[in-house]
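Look for subunit A in each of the two complexes below; its partner is subunit B in the first and subunit C in the second.
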Partner chain A sequence: MSGIGKYFKLNMNSATKQTSGSCSCGNSSGGCGSNNQDQMSDKDFDAAVDAAIGDERTKDGFEQVFDVKMDRRTAFRKLTASLVIGAGAVSSSCSLTTGENSKEKAQIDWEEQFKGNYKLMTDEEKKGTVDRLVRSYQLRKGENIKMSSTNAVKDVLFGYAFNISKCQGYMDCVNACVKENNQDRNSEMQYIRIHEMKDGEGLKFNEADDNYYHEVPAEGHFYMGTQCFHCDNPPCVDVCPVQATWREEDGLVVIDYDWCVGCRYCMAACPYDGRRFNWSTPEVPEEEINKNQHYLGNRMRKKGVMEKCTFCVQRSRSGKDPACVEACPTGARIFGNLLDPKSTIRWVLENKKVFRLKEDLGTEPKFWYFMD
Partner chain B sequence: MSTLKVFKSLVKDSLDIITRGSIKYLIWMGFLTFVMLAGMYCYSIQLEEGLIVTGMTDRVSWGLYISNFTFLVGVAAAAVMLVMPTYVLKDIDFKQAVLIGEGLAVAALVMCLAFVVADMGGPSVLWHMIPGIGVFNFPDSMLAWDVIVLNGYLFINISIPFYILFKHYQGKEANAKVYVPGAILSVFWAVGIHLVTAFLYQGLQARPFWNNALLGPRFLASAFAAGPALIILVLAIIRTFTSFKIEDKTIKKIALIVTVAAQINLIMLVSELFKEFYSPTHHSESAIYLFFGLEGKTALLPWIWTAISLNVLATVLLTVSTLRNNFKVLYFCCFMLFVAIWIEKGFGLIVPGFIPGPYGKISEYMPTGIEIGVTLGIWALGAFVFTILAKTAIGIETGELRFKAKND
Partner chain C sequence: MNTINYTYFLGCIFLIIFSSCKHNENEYHHLTDKIEAKSKKYNGVSISSEAYIGDIKTVEITEGHHTFLIPDRKSQITSYTCTDCHSKPLTELKEVSLKKAHWDIMLEHANQEVMNCATCHNGNNMDHLLTLTGKTIDFNKSYRLCAQCHSNQFEDWKGGAHGKNIGGWANPRAVMTCVNCHNPHKPKIESRWPSRFNTQKVKERE
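Our next item is the complex of A and B:
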């Protein structure tokens, strides 16, 4: 788990502490490829979900809320919560129509409202909140989702490379990303922007069109994609007043959607337009929801919180490529473990003339561009 | 023994005094209440629908709320310009103006906090920001610093006047040894709140328009112009409508402060304009957008040129001492200066920071009716809070409110 309670951190260039080539799985091919581990964790996870839901069925509400170990912070929070619950309890106990389900829903809502920051949670607490969210979804929608809280794997540092020569602007990556990550369909939120630039004029982002609706590849143009670059020295993380966004051990910059207060300071601090805000309640048609979720990734968001590309944490931490990489028909997108000397991404970094955007800002993006 | 009793009687007396008054006063308070209610209605829509009802977007993600917040931090900080001469430099003139200034600071801070809350996407989880219960990103996040310094300043500005008034209410003299250290602390603290607020923007390498070493000092200069200008206007109103004595000398001294600050502010503006336009770089585009428009997008042009004209005109008029000492001209200048700096340091500073976007995209910002409604509501809240504080303070200072008097 990433730095717990660290006040000062000097993590600039922390990518250089490379203990070369020992991904926990040993043999890797693209991504981390720690397949064994993932099968294990999937099984573990399923068992955990069953166990947890079973538990909630047997335990009564009082035990669920109070039969937990707590420190000072949680204790205080519980006290506050219980005051409000008390008021709610009076009204609900007087109502004869309130069913078991709605009581459980209310229970979960209180637990969720007053839970801590995911970054500082123990693995057990993480599992607890994930179980609650899964159960809550079940109660509300009558559907089962799978949500993981898989932590970063040791000796993995994710990186990304983009081949400008190959990209033709098809935007398959954008579509795949929207579907994979359950982005709001109303506002047509997209993490990836594809910039269409004129040949022979260099990288002129200000003259590029990032919102085109015509046949591609357009004559005399080339294409360049941007998204969150998962900086190694991310300015967005420093500015967050509540540590709702942070850099994980495997280099992913993630957000705890439930801890975010929605001040949008990170958005102002990001030099790469990598962050998106839920201006209204995000809506995804039930049948289109990707039910394979990660707490830090594509689980359903609510209004008033930030979100962004997570390199598809639900996929990358199970050894798969992000959706955009998989969807790209031209092979312009390359993803992998920077600490694995045999990975494709390392080959690109070592054999191509790579560059990054706005390097002068000192943000150390883990997203490189190159040309054939 | 009787402190609690005195306090109880003070609360009762002040409740009594703020609910009574001339017909003009009642109309004023009724009007403010109406605007506040309208603002609350707008805010309830925002709570229901989300920030989608504002003009803000992913491209321009801060707007009217944060603009007003930034400006009002300056107004709050300006109280120090009255505290310093009174308590640090021992210039007795200001003593009564200080109470008004600190009341104004409290009202401004209440507005600041209200604007920040209005801007939040998740006001229900704001407890995440409370140190101890939540998780505070201190000292990394400038916003965390801002929360601390603003609340600290609010505490100082409530406690000092409260102590003084509480003593005067009992007909006693306030003990200078108790409140002077607090007053001196507040001087440094005021500079602190405004510098920290400037650093909030200044520290962002992503936004070249803000990432500029002059931002902090310029914040201070404009604050010390706009804040005392507002204080002069308020003192003028109080002088006309109440029996509270404010000498001409006091207003003239504050006018001098306004003048000097406005002059310094103007010099810094020139320096900024020179840097942006003598050798324009890619980083000057926000300034070009603000002053001349980019690619036919010119929404801020009328505003910023109004601001600059008012600013220059007011500063020139104030600089001529015969004009400054003519109160009619002075009040007019103060009004111009206040409006000019509200524009310049409000959305004239915040909005261009986002335009053009990180990849050069130019999309403009236009506040919606709901956003304006909430904003007006919060301003009305500030005016309401200030009126209540001022009325009580004036009541005590003029001897109308006295603890002893009731017991006799």
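Our next item is the complex of A and C:
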């Protein structure tokens, strides 16, 4: 801790040695308002930190939680609080006086709370949870949704190609994606980003504009879309501490929203900015909700979980193009089965000069770019 | 007895070595290897995209190695068949003071030296189109006219790199034909405004 003081004295690019009384404005006497007369010494700083977080600096997580000194009163208070929660659940499910609906709700919530990871479920269990979620929605919102738990089909590996010469930056794909996937309208979450890049300067994502609003295509610019690339060697999957995200047999990288703990490791691990986090409860007006849903796809998410593009699993697994492909008016987006030698995606890979982003990372994205 | 034990032991070791060398995760070194290996055993999939073509009336065409569906054109042209009106030669029709037709069509395709109406339309047989060498082309196969000059786009379109897919990724493959996206008389796609703007992103980045 003794080295902490250097951060206060750090003075980069300065030829003269900084004196303790000077400040960033250059005046050695007062007057700039940020004079550090009362700068703490290292010792004082340590003492202040000790006072604030006490012995948690030396204790590990277990000790912090379980080895806590507690008087009898606090202990009783904490125990009662947890008992009340438990009793609430039990009473509403067992009581004779509460209505049938709330009993059923409690039963569903109970079963949902203790269900396993979707990845490990049998087909019956998958159907079970999907049925519960549909029923729960019906009980709560009074609306019927259709939710599927369709598994990956053998001999299918989804791949995507994006024609940079064709994309005109209309953003119809973004629009369609938001509607199809029930993305939060409040935070205006979008899986797809369209980057407007200057001609002749290469792919500079740091200088590209991904939120333009002017007539497109703008002169001297080209457009490049990014989204989840469904890597075949996905780093986001490796880092997930609870295995709430994985790669399916057909190549889709999916998330079990009910298993995700919201640590956002995957967001940090993704080199392509493909993942999004729900900082608040996603809200979609009831009449705009897409009721054709998939457990791993566009069903309603909750606060504090990750989500991302699933190549519209609810559509693609039944043979339909993803919403972005369908919406693109230029035909810049090509989607298909990589294992079918006669598919259009295979023709593109074999006949056009294709490339992928950050290929050297070995993530093996299943999303190729090409030009006419 | 001892030798039997010994061979058994050796056999076990061999089994362990050989079975452990093939990792499930890294069976293939690259994605391209995986695609190549797995597609050798490809037998087609049960999924069909037929339902998603919807109400579009299609015709099947075969060009080179590619066979696919394109939307029927003739049923989409409002005044087809053309000979309903074009019963006389054009010169005669121009003489009589009839109600003007096609006044709204302005040809903005290449320049006047390269193209005029008669480059594609046959004045003597209005129900069909005309190639540069004077061969007759059906309206449903108008892409063949475009392919006379735009051969690169034609190759890409056949393969699937140009043009818009209809419905789904599975078979049968249905794809828009040239004139479904490009107005043949004014093929350039107009610029327009993007369909959305993210106001939250602006706030987040302030």
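Note that in this section the second predicted complex is superposed on the first by the 277 of 372 C-alpha atoms of A that agree within 3 Å, B and C clash if a C-alpha of one lies under 4 Å from a C-alpha of the other, contacts with A are read in each partner's own complex, and residues count from 1 in each chain.
FYI, a contact is a pair of C-beta atoms (placed from the backbone, for glycine too) under 8 Å apart; a residue touches a chain by one contact, two chains touch by 3 or more.
In this text the structure is predicted, and so the values were computed from the model without any measurement.
S.K.: Could you check whether subunit B and subunit C clash or fit when both are placed on subunit A?
M.R.: fit
S.K.: Based on the superposed arrangement, let me know which partner A:V348 touches: subunit B (first), subunit C (second), both, or neither?
M.R.: A:V348: touches subunit C, not subunit B.
S.K.: Just subunit B (first), just subunit C (second), both, or neither: which does A:C328 touch?
M.R.: In the superposition, A:C328 touches subunit C alone.
S.K.: A:R264 contacts which: subunit B (first), subunit C (second), both, neither?
M.R.: first
S.K.: If we overlay the two complexes on their shared chain A, which of subunit B and subunit C does A:F277 touch? Say first, second, both or neither.
M.R.: first
S.K.: A:D238 in the overlay: touching subunit B, subunit C, both, or neither? Say first, second, both or neither.
M.R.: Touch partner of A:D238: subunit B, not subunit C.
S.K.: Is A:P285 touching anything from subunit B or subunit C once the two structures are fitted on A? First, second, both or neither.
M.R.: Once the two structures are laid over each other on A, A:P285 reaches no partner at all.
S.K.: Looking at the overlay, what does A:L157 touch: subunit B (first), subunit C (second), both, or neither?
M.R.: In the superposition, A:L157 touches subunit C alone.
S.K.: Kindly classify A:G200 by the partners it touches after superposition: subunit B alone (first), subunit C alone (second), both, or neither?
M.R.: So A:G200 meets neither subunit B nor subunit C here.
S.K.: Rounded to a whole Å, what is the shortest Cα gap between subunit B and subunit C in the overlaid structures?
M.R.: Once the two complexes are overlaid, subunit B and subunit C approach no closer than 6 Å between C-alpha atoms.
S.K.: If I apply the document's touch criterion, which positions on subunit A are contacted by subunit B in one structure and by subunit C in the other?
M.R.: Of subunit A, residues 187, 210 contact subunit B in one complex and subunit C in the other.
S.K.: What residues of subunit C sit close enough to touch subunit A in their complex?
M.R.: By the definition above, subunit C touches subunit A via 30-31, 34-35, 38-39, 41-49, 51-52, 152-153, 156, 159-165, 167-170, 173, 176, 181, 189, 191-202, 205.
S.K.: Can you check the complex and tell me which residues of subunit B touch subunit A?
M.R.: Residue list for subunit B touching subunit A: 49-52, 56-58, 61-62, 116, 119-122, 124-129, 132-144, 147, 200-201, 203-207, 285, 353-354, 356-361.
S.K.: If you look only at subunit A, which of its residues touch subunit C in the complex?
M.R.: 153-157, 161, 163, 166, 168-172, 174-175, 178, 186-188, 190, 210-217, 232-233, 316-321, 325, 328-331, 334-341, 343-348, 351-352, 364, 366, 370, 372
S.K.: Once bound in the complex, which stretches of subunit A touch subunit B?
M.R.: 7, 9, 73, 76-77, 80, 113, 116-117, 119-120, 187, 193, 195, 204-208, 210, 226, 235, 238-244, 258-265, 267-273, 275-281, 302-306, 361-363
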